[in-house]
Amino acid sequence: MTPALQVRHLSTTFGHHGTPVTAVDDISFDVMPGEVLGLVGESGSGKSVTLRSIMRLMPHHSAVTGSVLWQGCDLMTMTEAELRRVRGGEISMIFQEPGTALNPVLPVRVQIEENLRAHTELSAAGRAARCLELMDLVGIPDAKRRLTQYPHQFSGGMRQRVMIAIALASNPKLLLADEPTTALDVTIQDQILKLILDLRDELAMSVVFVTHDLGVVAATCDRMAVMYAGRIVESGPVPAVFAQPNHAYTRGLLGSVPRSGTERSPLLSIEGTPPGLTSRPAGCAFHPRCAFATDLCRRESPALQDRAAGQAAACFHSDRVIAAGLAGS
Amino acid sequence: MTLSLRQIPRPLLLGGLLIGASLVLAVFPATFAPYDPVAMDYNALMHAPSWAHPMGTDNFGRDVLSRVIHAYTIDMQIAFFGTIFSFSFGIVIGALVGYAGGLADTIFGRIVDAVITFPFLVLVIAIVSVLGPGLVNMYVALAVVGWVFYARIIAAEVKVQKRLDYADAGRAMGYTPMRVIFRHLLPNAITPAIVYLVTDMALAILLGSSLGYLGLGAQPPTAEWGVQIADGKNFMTTGWWISVFPGVAIVLTGLGFSLIGDGLAEVLRTRK
Amino acid sequence: MSLFFLRRLIQLIPTLAFILVVVFVLVRLLPGDPTSAILGDRALDADVARINHDLGLDRSIPVQFVLFLKAVATGNLGNSITLKLPVTTLIAQRLPVTVMLTVMAALMSLVMAVPLAFVAALRRDELADSAIRGTFQVGLSMPVFYLGLILLTVFGARLGWFPVGGYGDSFGEHIYHLFLPAFTLALSLAAILMRNLRAAIIGVVGAEYVVFARSKGIMPGVILMRHVLRSALISTVSLFGLSVGTLLGGAVITETVFAIPGAGRLMIDSIYGRDYPVVQGMTMALAVVVSLTFFLTDVVEAWLDPRVAR
């Protein structure tokens, strides 16, 4: 099976007071048709920037290099007009904060309709019918009336449903979801996650799911890629990575989540905070916080290498990490 | 924190130069002016700009350059007295209102609403018309109307500061409200009012010269830019220099103050 | 929306009441007194008493206030001393001229400010941006009487493209006569609006909802007009409302420079002529115009921003 999306050597830098800083550093990954890929990491690890770089939505003072192959075409070299057909048509995106991503001064109907207008040949009546259908699809009752309302008249969860309705308007093949549940209450989170998964099945689309929440990854994703300081440090099928992390950072992340069905053991936690954009350490960016770090880690940056069970990790000491297991150290 | 010369925003630097030069001219006009500003020379009526008179002479044979330079004294004074009373009353009343809150704040809000409903210039002109024309009455009129804007800025700022810990600490230490307000809250709230003060000086010069032009501000034969422009308005086609050069002085000085205001605002923004 | 409209309309009442109070206070409580302003310092006592009586200044302050309110309520703002006409008649004659001048100036400033703000914001920190901002910065420091005088001399007297004064007789002539004065007035407002709108556009262009709109693949023109301009205009509209007072103040001076028979010109003439009731009436009329404009801009703002009209 050929991947739906192939990201190769994607890097994003910002011009930051003269000296450019690297937010995303040479990352590559594939998304298979119908697959849900989780992009995991702490805030500032470059997950959101990755999504926006794929869609070329970065602000002017940033530079994106590498290639993003979508159905054989490179999004990075497309003309603006070609890109507009892909954006919102074949690939849609939903954002973390529905409160800020929906235009506060436009009724919801207009914001759904403008997507339909751009990507479909529907007549006005057809668009109106499709709007109602979409509202039903994402589970917003009383659609006819609600379409005339403004975002501030919706609750947080309902706003996120509106955003999903907009994203799905033109039946995309790929949904890029940037922490779509982070701003929501826990109970609403589950509903939205379930909605996205149901829609994935119904519409046969792929999803890239950016999140910092491993619980969300476990519940929704087929494969995962862990990001740290702008790089992918580990990737693989979700059950495999959860069972046996190959990178010390992944191990720390998993260790800080309480798990059911295991013996009571002290939670692992990762000391320190992730490095800022301007202060990435030399060598492996994780070494200052890593219990397994050696001089090699401080000197050289490890490349992502294939490991067993479809996993890959960028760690010189994967074997020691595996040996240490997930019990508290 | 000190700023090195390179870090000073360009508008601040340029504005500082303009206003610095203006102040020098305002304080030592006689040093720089080649002639007596009110001396009439009937052998040199309406002479076009020349080496002897770089900005020409007016219809009374007065040297325009000397009048423009001497006017710096008056117009810089307008910038100062036209704003300082508003500023002083405004920050005191604003601090009290912001600290007291409640009814005082409500009443103050109504006053603000009432004052902004009047075109500023119309209200000032109306007050000057009651008091009679002249610079002093103009200052009174500006203070009567202008304090509201400073008070509004300070009141809003004090309301924010009041909720911070250090204000509570002051109260807990048994300081009197007055001490808390004027020693602790006001100094922390004053920066936006100072930025506004600088911008307001530009407005005061525009307004002062406008009243001078209308005959309600500085009175002839005092050299004041607005008065000078009014003097020359009937000779625009035959002696444009009488009015044009004083106007350039207004623009440069107004520009200087507003550039400093912009620059200060920029410095404060980047510090935050 | 209609509820908001109604509520905002009711809020006009206290504002109008405050205008009356301020005008009343202005006349009675300031250290100067209108009678000596009218008659000069060497007035006869009998004349002072007569004028005091005519203006009702010989009564107690509360009584004066009641009489003042009664007079205003019955549409009586007194009579002009020099023109011997009711002040209300003068307002009816002159105010429309000033309103027309101000409306023209407001439209011109929008026509200048909106496109230039877009250019400046989208070409941020480039040459076009610096040129636009620099020009307007200078425009902002230029007093209207000075700019007016220069435009009048160059385009009126020298080139003869525009009349050098007056108002004309037909609507077309009005527009022709008011073109230069309106432009004079418009420049500084355009500068203020451009500055605000430029900052607002820069803020909105980076907003999440604009990025989201771009992610939908809609045309850039639609994004600019529907998503960016509309939101950016919201703050500019309220600034615009607040600036109308400045515009009317400027109109007073512009009318004097261009010899336009409007309310401002009449007001200045009345000050020279010590025609006190006219000054008072015009002040009040101009304040009413401002408060009506506040009302209108609030309605426009509510129309642009549904969150306001809750």
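Letters A, B and C mark the chains in the order given here, with residues in each chain numbered from 1 onward.
By our rule, a residue touches a chain if its C-beta (ideal position, glycine included) is under 8 Å from a C-beta of that chain, and two chains touch if they have at least 3 such contacts.
Worth saying up front: this structure is predicted, and the values here are computed from it rather than measured.
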| item | value |
| --- | --- |
| Shared interface partners, meaning chains that touch chain B and chain C | none |
| Centroid comparison with chain C (C-alpha atoms), farthest chain | A |
| Geometric centre distance via CA averages, chain C-chain B, whole Å | 22 |
| Whole-Å separation of chain centres (CA-atom averages), chain A against chain B | 55 |
| Chain centre separation in whole Å, for chain C relative to chain A (CA means) | 53 |
| Touch list for chain C against partner chain A, complex | 206-209, 211-220, 222, 226-227, 230-231, 234, 304-307 |
| Residues on chain C engaged by chain B in the complex (per definition of touch) | 14-15, 18-19, 21-22, 26-27, 30-34, 37, 137-138, 140-146, 149-150, 152-153, 157-158, 242, 244-250, 252-253, 256-257, 264, 267-268, 271-272, 276, 279-280, 282-283, 286-287, 290-291, 294 |
| Contacting residues of chain A [partner chain C, same complex] | 52, 55, 57, 59, 80, 83-89, 92-93, 95, 97, 100-107, 110, 114-115, 117-119, 150, 152, 163, 166 |
| Sites on chain B touched by chain C in the complex | 110, 113-123, 125-132, 137, 144, 202, 206, 209-210, 213-216, 226, 229, 233, 236-237, 240, 243-244, 247, 250-255, 258-259 |
